[in-house]
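Each in structure tokens, the structures are laid out below.
You will see two complexes here that share chain A, one where it goes with chain B and one where it goes with chain C.
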Partner chain A sequence: MVDVGNAVWALILPGVVLILAVATASGNAALGARDRGTPVHAAAMSPFRETGRLLRQQRRSVLGADSLLWRIGGSGLIVAAFLAALAVPIGALAPLDIPVGVVWFNAVDVSLWALWWLLGWGGNSVHPLIGGYRFLAQALAYEIPLMFALTAPAIGAQSLRLTDVVTAQQPVWFALTMPVAFIVYCVSVTAFSAWGPFALPAGTDIAGGVLGELSGVDRLLVLAGRWCLLVAGAAFAVPMFLGGGAGPLLPPALWVLVKTCALLAVFLLLGRAMPAIRPQRLAELGWVLVLPLVLLQLLITSVLTVMGKG
Partner chain B sequence: MGVTTDPRHPLHLLLVEVPGNGAVRIGVEAAAAAAGHVLGIHPAESDVLLVCGTPGPELHAVIDRIWDQMPYPKHRAMLTSLEEIGTVFTTSQETLADRRAQRSAARKVAVSHPDGQDHEDRGPDDEHLNHEHPDDADDTKHDHDHDHDMPMGGHDHMSMDHMSMSGPGGYPLADGADDRDGLEMDVLHRRLGPILPVWPAGVVLDVTLAGDTITDASASMVDVDDHGRAESQNGAASALDQAAQVLTLAGWGTAAARTLRARDLAVTGRLEQARERLRPLIRRIERSVMLRWSLRGLQVRPDVDVRTVLLARLGRADAALNGRHFEPEPATLIDEIPALVEGRDIGSARLVVAALTVHPSRRTDTTDQAGRTKRHQHG
Partner chain C sequence: MTMMATIVFWVAAVVAVLAAAAVFRVDSMARATYALAVSFVAGGVAVLVLHLDFIGVITILMMVMEMAVMAVFMVSYMGMNPALMPMDMTHSKRPAAVIAAAVFVGLAAAALLIPWPARAGTAAADTTRALGEAIMSSKMLVMLTISPILFATIIAALVLANPRGRYDRLGDDLQDAPADPEPGGIGR
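Showing the complex of A and B:
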């Protein structure tokens, strides 16, 4: 019975992720329109209109582009987002309840290095190439802290299985007991989605960067993939740091959804409030400040875990 | 601005500002925002190419190349005064909606460029002026000869099996040169401008890039003979426009959008509202620790960095809106730009250029500079 439920959920999961991605994009556009003083209602509808426009638009190719690798980079982002979301347990359902769920997410996140880079490099064009460089510079800064941040809940639960991590958060969420790891995780999610203060790989100063040469359905896939990554990152934070489906009154599945949406809203509001961080500055921040802090977090978590056991 | 266009079909406009037409460009941006249209930052994502002003021959050639790089459906138009803007928007929407004409135009281009050499290129702002461009600009509207029902694709002529020169697509491979750390790095020659989002109108910067670092640069203006005049940069609207450019390049979309909103209010005469919105915005930008940190070390002049220029522009706008006296921003001559950008990464260089008020004349008008520009075109 649970197996059937898991299979059905795995099939409708991409749809749910896409709905959340559209809602996030729509909210972002509406907030942008409010700042700019343009019609808010029209902006809120813009993800739908943009989808329609891009589906009708001519696909574009660039002379000398490595089309295969370029298209792999472009279409891989959305697939990576679905794969990451698959590991999130929803109440009794956990389509991918493997013993190394945390490592699974980490593997997907590392694949983003290749995907964003191929997207920048494959187009044989200077500005996207620089966008690719920028993503790699950014990834160098966030990846190691992110890996340690993912380790903290695993140490706290003494398991890499996500259902165990959820169980270990009764009654106190890991977001409260390991705040540094939680913050580093959230920042890294916006960074691997190349969004908010980490959007310079697709920056206006390099004419759209990795997005620069894309039109039509290729562009649609990348834009959708980027929002889906943000959604998947928020959803994965729920079992890792926010107690999974635990909560009063509502069923667990609904709590996962509510917590995901709440985290997405926080991403939107905070991400829009700050200027971009230049990738070269980010490396300094990531290695000199954040890495020691997250290691300290790990040390404290480890000591507390051992003492709790002993 | 009383523009009535169908809000269900927002246009993605790629604006080209002909030097001396900043006021027209700002007016178009304000009208576009009011009507819910979107500004594109790259030909690939845009469907309307809108030229503000009358371009000279050199800029015109670049505009044709950009047009070639835009995917169908597309439309292009030129306007010299803001009175025409409503008509331009409605005409654009009608032309884009005419799928039959768009398809036949897409097909015609595919047939007339069998080798794809002209059609696809490496970016919005690199140009090969000696290429031929059959001017198929307005074919979209008139050409109904080809009724073949072909999907919008039209890109399948880009097969590269017949290109067997040294590098991909017949382009030579990048040169190598020593980077700062002594390791060899690919070197690319690239032209920034004259058509680039958030870029001083008409300025062309030929750069040599090692990775994303500019190792060598030379600057010039397009159509030098046509216009040696600088537009007057006074008033709240232009100060806010310049401030928004810095904020956009700094990647702070929210602050840039609010600044542009204040600019649009000022330009449409709603000064009271512009004043009210500007004060809290200035305080917020002044207080931002992240902006200070992100713009650190970007010197424009001795003791003046990009952040100082940004705050000065906002202060100037505030003074203009409140009828106080303010000093205009000192202008930078075009041949002073290379020294300011060499050794910087492209993002920092863009910020520094955005913090300049570029004057189109040179300190010493030498033919050497012009000759240098020519040599860089095919680097």
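Showing the complex of A and C:
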């Protein structure tokens, strides 16, 4: 019975991720319209209009573009988001309940290094190429702190299996016992989605960066993939740091959804409020400031776990 | 192995070999690098089929990251413009072909001719742990001694290779404002 449930959930999961992604994009457009003083309702509908426009638009290419690599990069983002979301246990359902769920997420997020760079490279155009390299510069800064941040809940639960990580958070969430790891995780999610202060790989100062030469359905896939990555990152934080489906009154599956949406809202509001960070300045922040803090967090978590209080 | 696992294993094995061959057939550095990445990912999937979950996923993780970095180095160190133009991925073709054929025949003969032992007993519940203990347990002291030495070697090599140390940045008395081509994020 649970097997059938898992299979059905795995099939409808991409739809749920897409709905949340559209909702986030709508929210972002609406907040932007409110800031500018233009009609909020029209802006909230803009993701749908944009989808329709891009689906009708003819995709164009550049002379000498490596279309194969370009399209792998463009369509891979959305696939990576689905693969990451697949590992999230929803109540009794866990379509991908492998013993190394935490490492699975890490492997998926590392694949984004390849995908964003391919997206920049494939177009055979200067500005997208710079965007791709900007992402790698950014990734060098956030990836190592992110890896250690993912290690903290695994140490606390003494398991890499996500259902064990959820069980270990009764009654206190890991977001409270390991706040540094939680914050680093959230920052890294916005960074691998190239969003908020980390949006410079697709920045307007380089003519849209990796988005520069994209049109039609190619562009749609990348824009959708970017929002889906943000959704998947928020959803994965729920079993890792926010106690999974634990909560009063509502069923666990609904709590996972509520917590995901709440974290998405935080990403949206904070991401819009923050100034962009130039990728070349990020490495020093990541390695000199954040990395020691995360290591300290790991030390504290390890000591607490050994003492049986993690 | 179940039927399904056997099929997945063989598909992964064939993809790994074909992608590895593609490394030398394609005409761009980016394609060659990512063909190699596909080969490694297929290898990781084959390891996953053997129920070595951790090793399989970590292989995929490490290799994708490594290839993403390697692509950057391949393109930047290739010099002139070949990395940006179609180029041949092979050189010294005849000796390479001879060596490759000899190694392949040797390895294939070994795989087919060695009388492999049948499994004695049942598989451990945690195969990753069993594998680690089989490989490492008697050599743990050596490993524990070598790893800090290796780490110190890496740090020492980086220090020696660093073209701009703190005296270059901050002057002879380490008092000047840092002379960096690009200011860092925390204003040191």
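The definition used in the following text is that the second predicted complex is superposed on the first by the 308 of 310 C-alpha atoms of A that agree within 3 Å, B and C clash if a C-alpha of one lies under 4 Å from a C-alpha of the other, contacts with A are read in each partner's own complex, and residues count from 1 in each chain.
FYI, contacts are C-beta pairs under 8 Å (C-beta built on N, C-alpha and C of every residue); 3 or more make two chains touch, one makes a residue touch a chain.
Keep in mind that this is a model prediction, so the values were computed, not measured.
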Chain B versus chain C as contact partner of A:G32, first or second or both or neither: first
Larger contact residue set on chain A - chain B or chain C: B
Contacts of A:I277 with chain B and chain C, given as first, second, both or neither: both
Which of chain B and chain C A:N6 touches, first, second, both or neither: neither
First, second, both or neither for A:V62, with chain B first and chain C second: first
Touching partner for A:G212 - first (chain B), second (chain C), both, neither: first
Touching partner for A:T163 - first (chain B), second (chain C), both, neither: neither
Partner chain(s) touched by A:P197 [first = chain B, second = chain C, both, neither]: first
Partner chain in contact with A:Y133 - chain B first, chain C second, else both or neither: both
Partner chain(s) touched by A:S125 [first = chain B, second = chain C, both, neither]: first
Intersection of chain A interface sets (partners chain B, chain C): 66, 133, 277, 280-281
Contacting residues of chain A [partner chain C, same complex]: 66, 68-69, 72, 98-100, 103-104, 106-107, 110-111, 113-114, 117-118, 121, 133, 136, 139, 143, 160, 277, 280-286, 288-289
Residues on chain C engaged by chain A in the complex (per definition of touch): 28, 30-31, 34, 37, 53-54, 57-58, 60-61, 64-65, 67-69, 71-72, 182-186, 188
Complex interface listing, chain A residues touching chain B: 31-32, 35-39, 42-43, 46, 49, 53, 56-66, 124-127, 130, 133-134, 197, 199-200, 203-208, 211-216, 219, 272-278, 280-281
Footprint of chain A on chain B - complex, ascending: 7-10, 12, 33-34, 36, 38, 41-42, 44-45, 47, 69, 71-73, 99, 106, 116-117, 120-126, 152-155, 158, 160, 163, 167-171, 188, 190, 196-198, 209, 211-212, 247-255, 257-258, 260-261, 264-265, 288, 290-291, 293-294, 296, 345-348, 350-351
